[in-house]
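What follows is a set of structures for review.
Both complexes shown next keep subunit A, but they swap its partner, so subunit B is in the first and subunit C is in the second.
On to the complex of A and B.
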């Protein structure tokens, strides 16, 4: 059966699209799915670095659409996780080097041999976004809980709807529970209430994301960190499993939760 | 019916009848293009008996423009049903999915919207507008009549846009950055933002916009 094409997009830049694409690619591949990630951010290639595959690039997406290389030659297979492949963006060209028809063809060729094609969209609503959206069968919107990011996400959702794609799903990234508690950050409920789409995952703010990005080894490789576990759960939800959303807490919060839990048996109205 | 992709006017069949979408461009050029397309040999058969709606692109039709449009259509025995506003980005999709339609109420066409109006989208309508959903931050609704929102208002609404100071705006949560009614503009007082106060309506009283509980 042909694979599913999922486009990961956001509107606002820097909210975590590439991080999400890399980690979902890893998390799905670790669950035995064949995954191809496409870096559609032409001119600002990034996914290769996050995945730690930058040294192995010979050909890129523009070489493929312009016929200088076959798809098979340009795809880079991850040696740590052979289910995972990546098609790098071109660094020296701009976004008009590829058009939506070419993206459709490319995605079609890739889905024939994979279970999932993940497309890392560039920021914005211009040409590059339209390229990334064209072949999408599912769309994941990434936003952080900031007013400007949510507003841009809303705009993108409107465009996805107008393009007659299925209703997008939401990943809320960089949530900081402590700040939400102090009412310094929008909560998950606030964001969902505005965007009115289904949540597929919450990824907390986690320093491990940054250190692992620098090492070229996404946190989803070992699902020990909070963020790594979050990507694991999102992958399961994408695979159709019903995984509950945990309540996130910062480290001190976890301790507090234990304390209150121990108090509870005697309680029942004490507080 | 096939349409040349470079033309200013797109004509297509929908579940509801026939939809004519007027693109951006100089008004007379758009009308000429429409005439040319209606003059094609297969056009008459395509339009026979169909309910015809027109989407007016980025413009709020003036009376003379509306008359001119009706005249072009009448020449081909087409009766103009509804004129629709434009939603930024591929508006036709929302119309075809039945998320946006007009309903005749006496002499006026009420625009009904059954979805969230999102950031970057502009709705313009000559008449009242009813939204079953939210109007989000960054969205804009401009109506010559009243605007009723069965949801939260976080974006900008201009009711009575033709100059009607008696128009009103109602919403289940009125939290817009600013409100316009007729020739009046009011800005939201900073401190009150994001507090939910239940259904409210905005109207002009004694020369200024006031917000009061919405009692129906």
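On to the complex of A and C.
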């Protein structure tokens, strides 16, 4: 059976598309699924370093569409996790080097041999985004609970709709439970109410994302950290399992707890 | 001293402000009635109404308004003269 093509996009830059693509790739592959991740951010390739595969690149996506390399030659298989492969973006070209038809063909060839094709979309609403969207059978929108990111997400949802794709699903990234508790950050419920799409996951702000990026070893490799566990749950939901959404702990110290007690003398809960 | 601030908070919490500002911004973003489309609608209205009565085309105003219930189109059309067009039956 042919695999499912999932495009991960956001509108706004820097909200976590590449981090999400890498970690979902790892989390799905750890569950025995054959996954191919495509870096569609031509000119600004990053998925390779996040996955720790940058030193094995020979050919890239443009070499494949222009016929200089076969798809199989360009794909890099992760030695830690053989179910996972990556097709790198070209670094010295721009987004116009590939068109949506070529992306469709590429994704089609990849689905034939995998369970999931994950496409890491570039930021923006232009050529690169349209390339990434063209072959999508499912779309995941990544946003942070900030006004600019949520607004851009809404714009993207409209464009996904206009492209007659199925309704996208939402990953809320970099949630800071302490700030939400203090009502200084929009909550998951707030963001869902505004965007009116289904939630597929919440990833808390987690320093481990940065240290794991430093190492080229996504947190989803060992699902010990909060973020790693979150990606594991998202992978399960993508696989159709009904996994409850946990309430994230405000993992701040005793001082903060004292402060919140002071603010809310009944203790606990709050709004 | 954030807790101190929030104990004696005069302003609504910033999350609440973010949410209500976003709702307005997104409403406006989603409004896809382009000026071109409004002009076309205006022409359609003029054509339809002019069959029955004389209207002041230049004095006509088409606008949109948003509220809780959604978006509405508002047409303000000055009448020049009510002719007996309806009776003549075209």
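In this text, the second predicted complex is superposed on the first by the 251 of 271 C-alpha atoms of A that agree within 3 Å, B and C clash if a C-alpha of one lies under 4 Å from a C-alpha of the other, contacts with A are read in each partner's own complex, and residues count from 1 in each chain.
The rule is simple: a residue touches a chain if its C-beta (ideal position, glycine included) is under 8 Å from a C-beta of that chain, and two chains touch if they have at least 3 such contacts.
A quick note: this is a predicted structure, and the numbers were derived from the prediction, not measured.
In the superposition on chain A, no contact is made by A:222 with either subunit B or subunit C.
In the superposed three-chain model, the partner touching more residues of subunit A is C, compared with the other of subunit B and subunit C. Contact with subunit B, but none with subunit C, is seen for A:196 once the two complexes are overlaid on the shared chain. Of the two partner chains placed around the shared chain by superposition, subunit B and subunit C are both touched by A:154. When both complexes are overlaid on chain A, the residue A:163 reaches subunit B alone and has no touch with subunit C. Contacts of A:187 after superposition: subunit C is touched, whereas subunit B is not reached. Judged by the document's definition of touching, subunit A residues 147, 151, 154-155, 158, 194 lie at the interface with subunit B and also at the interface with subunit C. Subunit B meets subunit A in the complex at residues 87-91, 93-94, 97, 115-116, 118-121, 133-134, 136-138, 154. For subunit A in complex with subunit C, the residues that touch the partner chain are 146-147, 150-151, 154-155, 158, 179-180, 182-187, 190, 193-194, 259-260, 262-263.
Subunit C makes touch with subunit A in their complex at residues 2-3, 6-7, 13-16, 18-19, 21-23, 25-26, 29-30.
If you check the complex, the residues on subunit A that touch subunit B are 125, 147, 151-152, 154-155, 157-159, 161-164, 194, 196.
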